[in-house]
Amino acid sequence: MNKLIVSPSPHAHSSESVPKLMYGVIISMLPAFAASVYFFGISMVIITGVSILSCILFEYLIQKYLLKVKPTHLDGSALLTGMLLAFCLPANIPFWMVMIGALAAIGIGKMTFGGLGNNIFNPALVGRVFLFISFPVAMTSYPEPGQLMKYTDATTGATPLGVLAEGIGNSTAGEIMAEVPGYMDLFLGKMMGSAGEVAAFALLLGLIYMLVRKIITWHIPVSILGTVAVFTGILWLANPDSYADPLFHLLTGGLMLGAIYMATDYVTSPMTKKGMVIYGILIGVLTVLIRVFGAYPEGVQFAILIMNAFVPLLNKFIKPKRFGKEVQHG
Amino acid sequence: MGLLTFSRGGVHPPENKISAGKKIEFAGLPEQVIIPVTQHLGAPSKVLVDKGAEVKTGQLIAQAEGFVSANIHSSVTGKVLKVDSFPDTSGYRRTAIQIQVEEDQWAEGIDTGEELLETIEGTSEEIRNKILAAGIVGLGGATFPSHIKLMTPKGKKAEYLIINGVECEPYLTADHALMMEKSKELIVGIRVLMRGLGVEKAILGIENNKPDAIARMTEVSASDPAIRVQALKVKYPQGGEKQLVEAILKREVPSGGLPIDVGVVVFNVGTAYASYLAVQKNRPLIERVVTVTGKSVSNPSNFLTRIGTPASYLIEKAGGLPGDTAKVINGGPMMGKAVSNIDIPIVKGSSGILIIRDKEASRGEVQPCIRCTKCITVCPMGLEPYLLMTLAERAKHEMLESNKVMDCIECGSCSYTCPSSRPLLDYIRLGKAEVGKIIRTRKAV
Amino acid sequence: MSQIIIYTIVTLVAIGAVAAVILYFVAQRFKVYEDPRIDQVEEALPAANCGGCGFAGCRNFAEALVKAETFNDLFCPVGGNDVMGQVASILGREAVEQDPRVAVIRCNGQPEFRPRTNTYDGALSCAVAHSLYTGEGGCPHGCLGCGDCVAVCDFDAIHMNPLTGLPEVIDEKCTACGACVKACPRDIIELRKKNKKDRKIFVSCINEEKGGVARKNCSVACIGCSKCFKVCPYEAITMDNNLAYIDPVKCRLCRKCVPECPTDAILEINFPPPRVKEEALTTDDPAPGKTESSNENTQKD
């Protein structure tokens, strides 16, 4: 018989593991991936493939040759970042830009902070914002859905939010709504937008899967979507001509993708339930402020990154409810 | 009333109550016993016998030293071989009395009969003295001297006695067996403790995975309106006394306090049974039920074991050490101690010997914290294990104290759950030890 | 266009100038007088901020030095006598010399001598393992091999040998700052006087158990037999609690104790091999253990 093993207690472990969680998230993204391929065809497959492979490759190269530590590129986190990055890019973006985005995401967003578990900002969003600022034209021209065999040569147009932002000074919200796809189309994803953000229903299916598998809790997505609905609802009720209705805001842009996948990233979100709700509410507020009063038509990416910076503060001051009051020293 | 449970945290490890339903079996007398002088919280007892002395079963061989201490009695009849240092569960050597075993001859005044004695005589103080004399300590594992718990400190009032029949650790079934086979004696034991403590109400908490015990104890306590049985939802660590008090009475023991601060005293069913024997039969604490179990064990059992019996003796009785053994645990899988040597003696706090197979024994590879918050979700005390581990690694004692590391009950739910297999509890314990030292030095000043 | 540029430049320069003036007056108003010698002393110190002096960093030590009357209890182990001499001349005080010291690992429990009877699977920390149990080798005083000493060294002077499971000190890099001594939960590491050619003689064991008990776990344990104590001509060896201890200051490195030890617990490091006597060659068992181990030790550099 082999030697006895000695360790401190506990001597049992649940079935939880990091790969189980990572692959659980990846599986939940499959409906959205399928919807994207349905709308954007081969371009979606190309950018997703390039993004995933680049993220994994860059993580390996940086860890092995720059940091000289044991490479952990196959633990599932680089794969997940790659998928998320591809989801928030326009499907017609050239593959070399995707690679630059992957380098920014992994190199700047993750590795400079110390690798898995140590980053403050969501790496996929860091990559996206880096591309957004470096290549504004490429990042704001979205292909029309349905061009399954076209890639960088697809015909492009503006997103519903873009149309809203452009038109709001000259026409009423109601008139603009007539120009954009109807609610059912928005819900199903038949609109211009980033590859993975268009199909609201597919993203919601993913959310339900993650809630059932207990990968995430409801607090962050509900807080964000709820706040956006309430805030835009108040604005719309106050002045229906100047502001679009809440349903429109919920279904367009990167809000669904951001609320369900980006803001719920473990590493960059708060540790307590109360903290998560505050985080979600503030993201919602910032998103609406940027969308309605800010210079950009879409604000989710910036809202999430700004709130990421506040998470350490939220963690420091919001503690879970401790068991038992402090004993009064007589 | 429906099923109650505690409000925060908790996990659901597989129950594996393999030895449930096994009748309590007397393990027999080993060739030698080794009886340590520290089997309880508090000061080690003072040895009263020398090498060569003849001792009888139930004879006092070491005396309580100081206020927080307990008497120790010989669990066998025989000759003292030596009084020396012997390894305990941790391998470190502590003073113990080694006795060569002969046939049982009980010390004078002890009632060894099986008859149930229901009438309780004596005042609260007399009962407490009997319990002190008998060396009764908490048999749930904490081994706190019971006579002290029966004395309510000035300024506090005991309202309820809660009896812990939860046995939330997977695999262990000793308390279950006691409740099934010694139910009437247990009720008398509970009444003994009620009188010793001076309370009029007692509640026996039992987890819902023991429906037969709930039924039996409800039936046996039906005639006594002062004692009631409360069924509890199965969730670990329901047996932790703070969680038990909260589940049954909805009262939270304050941080740094004891259950008596909310008018409650908690005793394990084993302690209640031992109190019956001590007060009604004059029998000191010399034996206890120990579950020997494990997936590969051929004869998992609940053995009535004399204190000082080597664990290896019990393992042989249970069919021998299986070939695929990787870990031998003194206790349950969540809070038990892994031993490096299976000859260590069974002591008052040993509730079970668990043998874990190699395919289930290794911890996973440690990975960085991914901040999934699962450790916070499962912590029954509302702490943040991921943070406490980092603070303990970096010896940030002030921050450890302000983040309430001393509230940790070391249940292991955090390490059990962590997807990154981080050794959370290993470091938290280290942090607790260091902060504990600092607090004691501060109080002494 | 150029108007905007001019306005911008003028505004920024004005703000800069106003801020500079305000900052100057505020700095003067809230100036804290510091003895300028503190800066001078700090310059001379090695800036390792290792805490080996017992103070919180080199600046804190410099402040203490300037305030102190004598240097009796103040010493920088990293800088040594050179640096303390410089500091003494800056402050016009007498330098107090101390013998340079080096960290020594007083355990030789490699698997060959102290077999591993179980496998440790807990957190990789000596503090955790020590509070849990006696260790993989069973000796309650022996090295646990998890490397708390290695993790805490600022000078890259100590490393774990994966074959022996014991730490090894690189004498040239060791500054005797004491961090590893504090980190070891079993007090195995000791700072001992450095001798020329880095020679050392010490008892590589701190086990206080009775001889028979100690030997059960480790074949090179000190059994407290006192043979070394009896043979030392300089009274450098003391016996306490079944353990021999060689005083590093009294020891003259004569090596008389090394062959006396029946368990090879006394190690001699960096000595040439002893001359093998004629008689020894003719006996059956010419104490090969001793010469072999000292050979091994001399090869260690």
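Things to note:
Letters A, B and C mark the chains in the order given here, with residues in each chain numbered from 1 onward.
Basically, contacts are C-beta pairs under 8 Å (C-beta built on N, C-alpha and C of every residue); 3 or more make two chains touch, one makes a residue touch a chain.
All values reported here derive from a predicted model rather than from experimental measurement.
More C-beta pairs in contact connect the chains of A-B than those of the other pair, out of A-C and A-B. Here the chain at the heart of the structure, going by C-alpha means, is B. Summarising the inter-chain layout, the chain whose CA centre lies farthest from the centre of chain B is A. Distance between chain B and chain C, defined via averaged C-alpha coordinates, is recorded as 43 Å. Measuring from the averaged C-alpha position of chain A to that of chain C gives a distance of 51 Å.
Chain A and chain B have CA centres that are 49 Å apart.
In chain A, the residues touching two or more other chains are 4-8.
Residue positions 117-118, 121-123, 128, 132-133 of chain C are each in touch with at least two other chains.
Counting partner chains per residue, chain B shows two or more touched chains at residues 340, 361-363, 423, 426, 429. By the touch rule above, chain C contacts chain B in their complex via residues 117-118, 121-123, 125, 127-128, 131-135, 138, 140, 209, 213. Of all the residues in chain A, the ones that touch chain C in their complex are 3-8. On chain B, the positions that touch chain A within their shared complex are 8, 11, 13, 155, 170, 242, 246, 252-257, 261, 321, 323, 325-329, 331, 333-340, 342, 354, 356, 358, 360-364, 367-374, 376, 379-384, 386, 403-404, 407, 410, 412, 415-421, 423, 425-426, 429. Interface residues of chain A, counted against chain B in their complex, comprise 1-2, 4-14, 16-18, 20-21, 75, 77, 115-118, 266-267, 269, 271-272, 319-327, 330. Contacts from chain B toward chain C in the complex involve residues 87, 89-93, 340, 361-363, 366, 393, 423, 426-427, 429-430, 433.
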